[in-house]
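In what follows, subunit A forms one complex with subunit B and a second complex with subunit C.
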Partner chain A sequence: MKMMVCFKAVPDLEMLSEEDWAADSNLKVDLSFVRNILNCFDESALEMALKLSDVSEGFDVLLNLTAFTIGDQKSDTYLKTLYALRFKKAVRIESNEDLRFFPDVTATVISQYVREINHQDVIVLGRQSGEGDNGKTPLLVAEMLEWPCITQVIRIEPDTEGSLKVTNMVDGGTLTQTITTPCVLSVGNAPNSYLRVPTLKDKMKYGKTPIEVLDIQQFNIQALLDDCRHGCELKGLEKISHKRQGIIIEGETPREKARILYDSYLKERLEKL
Partner chain B sequence: MALTRAQIVEGLVKILGEEKVITDEQVLKESSIDRFRKYEDICGVYTQPIPAAVVKIENAQEVSAVLKFANENIINVVPRTGQSATEGGLETAVENSIVVDGSGMNKIVKIDPYNMQATCECGVSLQVLDDLLREQGYTTGHSPQSKPLAQMGGLVATRSIGQLSTLYGGIEDMVVGVEAVFPNGEITRIKNVPRRAAGPDIRHVIIGNEGALCYITEVTVKIFKYMPENNIFLGYTLENMKPGLEILREVMVEGYKPSVARLYDPEDGAYHFSHFADGKCVLIFMAEGPKAIAEATAKAIEEIAAKYDECKKVDTQFIKTWFDHLNWDPKKVAEERIEIAETQNIGFTTEVSGNWDIIHDIYEACCERVRNEIPDITMMGGHSSHSYVNGTNMYFMYYYNLVDVEPEEEITKYHNPINKIIVEETLKAGGSMVHHHGVGKHRTHWIKEEYESSYYILETLKKAFDPNGIMNMGTILPIKK
Partner chain C sequence: MRYTVILNGCASNFISQAEEINGFLSDHGTASIKGNTIIFYCEDEKKEALIANAPTACLQLVKVSRYQPENVLEILKQHALTQDTDLYLFPSDFAGSELCVRFAYRMVGSSLVGVNGMEIGEEKLICRKAVYSNHMQGEFVLRQKPYCISIAKGCAENKPAPDMLRRVISEVDMTQVSEDSFVKSYEFAAEVSPSGLEHVGVLMVAGRGVKKQEKAERLEEIAGALGAALGVSRPVAMNGWVPMNRLIGVSGVMAKPELCITAGVSGAAALFAGIEKSKYIIAINTDERASIVKSSDVAIIDDYEKVLEELLKIVKASE
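Up next is the complex of A and B:
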């Protein structure tokens, strides 16, 4: 079974101080000084695929994993790590375009790559990235490929060569279904959020495998990109205030304050649990 | 005859009252360790002897009464405040210990801006003290990574050092006076004066004693003007550690005092700097103080760095952003627990020091041996973060995957063998096996080699001040079998 996991390296926005959020004259916030991290949902998706690979052999299913990203050379460090974690192929679509708010373009590149260059049985993506927050790419990829899409996936288990057991979050609980491939899986708030770490020996042995780099221009996205750019124009940025009302508990001693806190604010909530 | 657990608790209740004597089982388990055994803690497996009680003390008199009781009945006492120790210093190595918790002694006694000193009880959080000082235009100048967690008593007891040490020094350069209680119940106070030559500097009996000689109850530290508006950050990339160490040396030898002077190797730096220095060493300085001094310091460092062709300057905003996110707060500690549990990948540090002529050899030897000899290693690197005119430290960072190992085996399979390599290589080269975390309980095996002939002084101190050996058994000095 061929499975491709799409990921994106995003700026670690937690590193920005309040003053760093000031937009420049082009209405852009400078993110160039913060380190990159794996987008959290993508990190879950990558680890989910590796966990599936760990157990697939017991089901006589050979999982062939490809890691896929669109971006510049900064993403190579993640692709090397994924090689060291035994991904069979690592692909980067070279692009310096700002695609944060254009999921149509991203989805077009992914679907074209799978349709025309490297056929896959399953595509796994994080449901959205922290910088664009569009939440559309997995659905658009599924639509373009005319494949079914399962959203809010939290677990993938092996089934047969042509199917997977997929658990996703639904209103009021979780649902486990057997899904026939091909399919798109959009990973949500999975219980596992961190990617495992390769050993130095595996980094040396596998981490130097050449990354397949393709130019984004070969996907003929320029017209679509221009359309997207003209379709929406940023007019202004305004800070949203997230201040919440607070209460200062008055009391003579910490014991008295703790008692008031418990009696007035916690007791009722705890009893409902 | 030794007191039973129940008799110990009864004795403590008589001294302190029931409310200050904690015997909750989970609290006792968690109080049997520190961050050296963080994996055992995450797994809920506690292998150390569980203490008889944790006592919450509120003043020096209470500490005196508790220590006297322990001394008379030969009960091990483990002093603690902020619980951010990393080297096993808070482990209760023997049965029925008493953990004496000073975190409730959290009054800032006096801020004296005229004499530029601040006095506080042992449980005052460094973050709280420094935030308060900064509001008034002052600072302690002490900024260890544990700043949000650590408290003043523990910082002095472990001979702590902060990220601004090249300018302000370690805690030993900041402590003016100190109050401490000895095992016989004697409450001693070293007065606050700028300097004196009335015999040996007895502050150093107390600073760095790691709770193995006495209990620190109050600390007076120097304070400094806080002028962040003058801070100048400088950052460079290099291909190798050697020229970076040469630049650090030259800055020190020429007499400049940046507050921050750090050199990261590519492995250690990857976590912080991969977005601008992937695969490279990173050299960082911060100049601070009065504007003219900060500017002159920065200019001189730039001139020194410019002499090295391979040293490439980077945008200072990279360095400022990194510096603003360096400290470990409770949120980061909580996140780390989840990450370790999920990935089964865990990291620790070992910090050593050496003169300029040996530090690079120590760095190379340790990295090579750990990479080659330790199974499942995922990262081995290091940085120099505290430099002096005669040498620098090396702060080794290492991570490994936990493979086929029970929680209680983690230390013996991975952590201790790594520590052993680093300590042995450092001592062999002539460096010190501990730069600023304290000896704790897991580097005591090499304490004689560390001290060489001066071990006599250390051993005599222990015999003199703690003749019954009740203070934090197994810390600094190994337990005699």
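Up next is the complex of A and C:
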């Protein structure tokens, strides 16, 4: 079974202070000084694929994993780590384009890659990522490929070479389905899915496997970008202020502070409730 | 301009979806616009309640064998081709956010997920939504009809359906539609103990500073003794120490308690979205520079464990 996991390296937005949140005339926020991290839902997707790989052999299923990302060279660190974690292939679509609010373009590149270059049985993606917060890419990939899609996935288990057992959160509970491939899986809040760390030995042995790099221009994205702008376009960006009074209780000991908190701020409120 | 609300009557949260949409419609002055509601349902005995809670007077009922997005999308498309609707409104739940995007793609329209405000313009729809993990508010223009939007969780006060005469303009049985042949078998497990955190009066939130399962368990005891329910930030939920339905924030519960006490929470904007509607916020954190301090009404800079243990003694002594 061929499974491709799509991920995105995103800026760690929590490093920014309140004052850093300002958009320029092109509606961009300067994040050049911020470190990159794996988008949390994509991290879960990668780890879930590895867990599936761990147990697939017992089901006589051979899982062939590809890691896929769109971005610049900064993403190569993650791709090398994924090679060390035994992904068979790591692909990066070289791009400096501003795709923050163009999930349609991202989805087109992914679906075109799978349709024309590297056929897959399953595509796994995080449900959304924290710049655009579009929440659309996995759904659009499924629509473009005309594949079924399972959203809010929290567990993937092996079944047969052509099927998987997938558990997802639905309104009011969880659904466990055995489904045939091909399909798109959109990963939601999956517990215990932090990405594992490769061994030093595997880093040395597999970490230098060449990354397949393709240029995004070969996907004809300029025309796509124009089309998408016509459909839905960002016109303004403003900081959301979360500021409140922020009174700090002074005191020598935790007991003293707890006492002031209770007497001055808590007692009356608790009584009213 | 005409709008259509799509609701999933197969889900146990139907009434809250309907009330949420009704609140959103009231906030956005849609009273003068023609609207109708399509409700998918699977149990006949619930039909009356579904009709009574519809946010519009006109409604259409579609019976399905179970809620399955592929089936529902196919039926919706068949319906849309015979209707003249410019705007489709979906609720904020899992089903709403999924259907909104996929339906818009099939109708060659435009879509936006998590909308918290809208203005209907001449041949365009202006929408607002939180982006950059709730650090920024974006304004978007949708130009391609039909506009399909799902609303943001907690963006409108839930408002019970207005008391009015409702007219079921069509009722169809689509239980035979079967676009789900890729499903070999399925098993639904209803949520055993819903967290109910959306409606609690006092909420305590455990953050990254809670480093062990035992500490999360102790915090739950303290919360209980103070009359609070416990919610958690993403790192705590990811460790599997509490059920995922206790996750607070953009991808979890959007709470609006009278009082919120955060313990070891740094104040990530994605989490803060889930408590920003609290009437009063008390933060306990060792780091004075943590963003939660400025976002709280009152803060204690200290070890949350020590402070809360002391607070518990004080509360018990005063009882």
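Going forward, the second predicted complex is superposed on the first by the 228 of 273 C-alpha atoms of A that agree within 3 Å, B and C clash if a C-alpha of one lies under 4 Å from a C-alpha of the other, contacts with A are read in each partner's own complex, and residues count from 1 in each chain.
Methods note: a residue touches a chain if its C-beta (ideal position, glycine included) is under 8 Å from a C-beta of that chain, and two chains touch if they have at least 3 such contacts.
Bear in mind the structure is a predicted one, so any value in this text is a computation, not a measurement.
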- [ ] Considering only touches as defined above, state whether A:Gln112 meets subunit B (first), subunit C (second), both or neither.
- [x] neither
Open item on the list: After the superposition on A, what does A:Ala23 contact: first (subunit B), second (subunit C), both or neither?
Closed with: second
Open item on the list: A:Phe33 in the overlay: touching subunit B, subunit C, both, or neither? Say first, second, both or neither.
Closed with: first
TODO: Return first, second, both or neither, reflecting whether A:Leu140 touches subunit B, subunit C, both chains, or no partner chain.
DONE: second
Open item on the list: Counting residues of subunit A touched by each partner, does subunit B or subunit C come out ahead?
Closed with: C
- [ ] Once the structures are superposed on A, label A:Gln245 by its partner contacts, choosing first (subunit B), second (subunit C), both or neither.
- [x] second
Open item on the list: Contact-wise, after the overlay, does A:Asn192 reach subunit B, subunit C, both or neither (first, second, both, neither)?
Closed with: both
Task: First, second, both or neither for A:Lys74, with subunit B first and subunit C second - done: first
- [ ] Starting from the residues of subunit A touching subunit B, keep only those that also touch subunit C in the other complex, and list them.
- [x] 14, 16-17, 192-194
TODO: State the interface residues of subunit A toward subunit B in the complex, per the touch definition above.
DONE: 14-17, 20, 33-36, 74, 77, 192-200
Open item on the list: Show me the residue ranges of subunit A that touch subunit C in the complex, using the header's touch definition.
Closed with: 13-14, 16-18, 21, 23, 29, 40, 101, 127, 130-136, 139-140, 142-144, 148-149, 151-152, 154, 163, 169-180, 183, 188-189, 191-194, 230-240, 242-249, 251, 254-255, 257-259, 261-262, 265-267, 269-270, 272-273
Task: Residues of subunit C defined as touching subunit A within the complex - done: 8, 11-13, 67, 69-70, 93-95, 97-98, 101-102, 105-106, 109-114, 126, 129-144, 180, 182-191, 201-202, 226-227, 234, 237-240, 244, 247, 250-252, 258-259, 266-270, 272, 276, 280-282, 288, 291, 293-303, 306-311, 314-315, 318
Open item on the list: Can you tell me which positions in subunit B touch subunit A when the two form their complex?
Closed with: 270, 272-275, 278, 315, 317-318, 320-321, 324-325, 338-339, 342-345, 371, 376-380, 399, 401
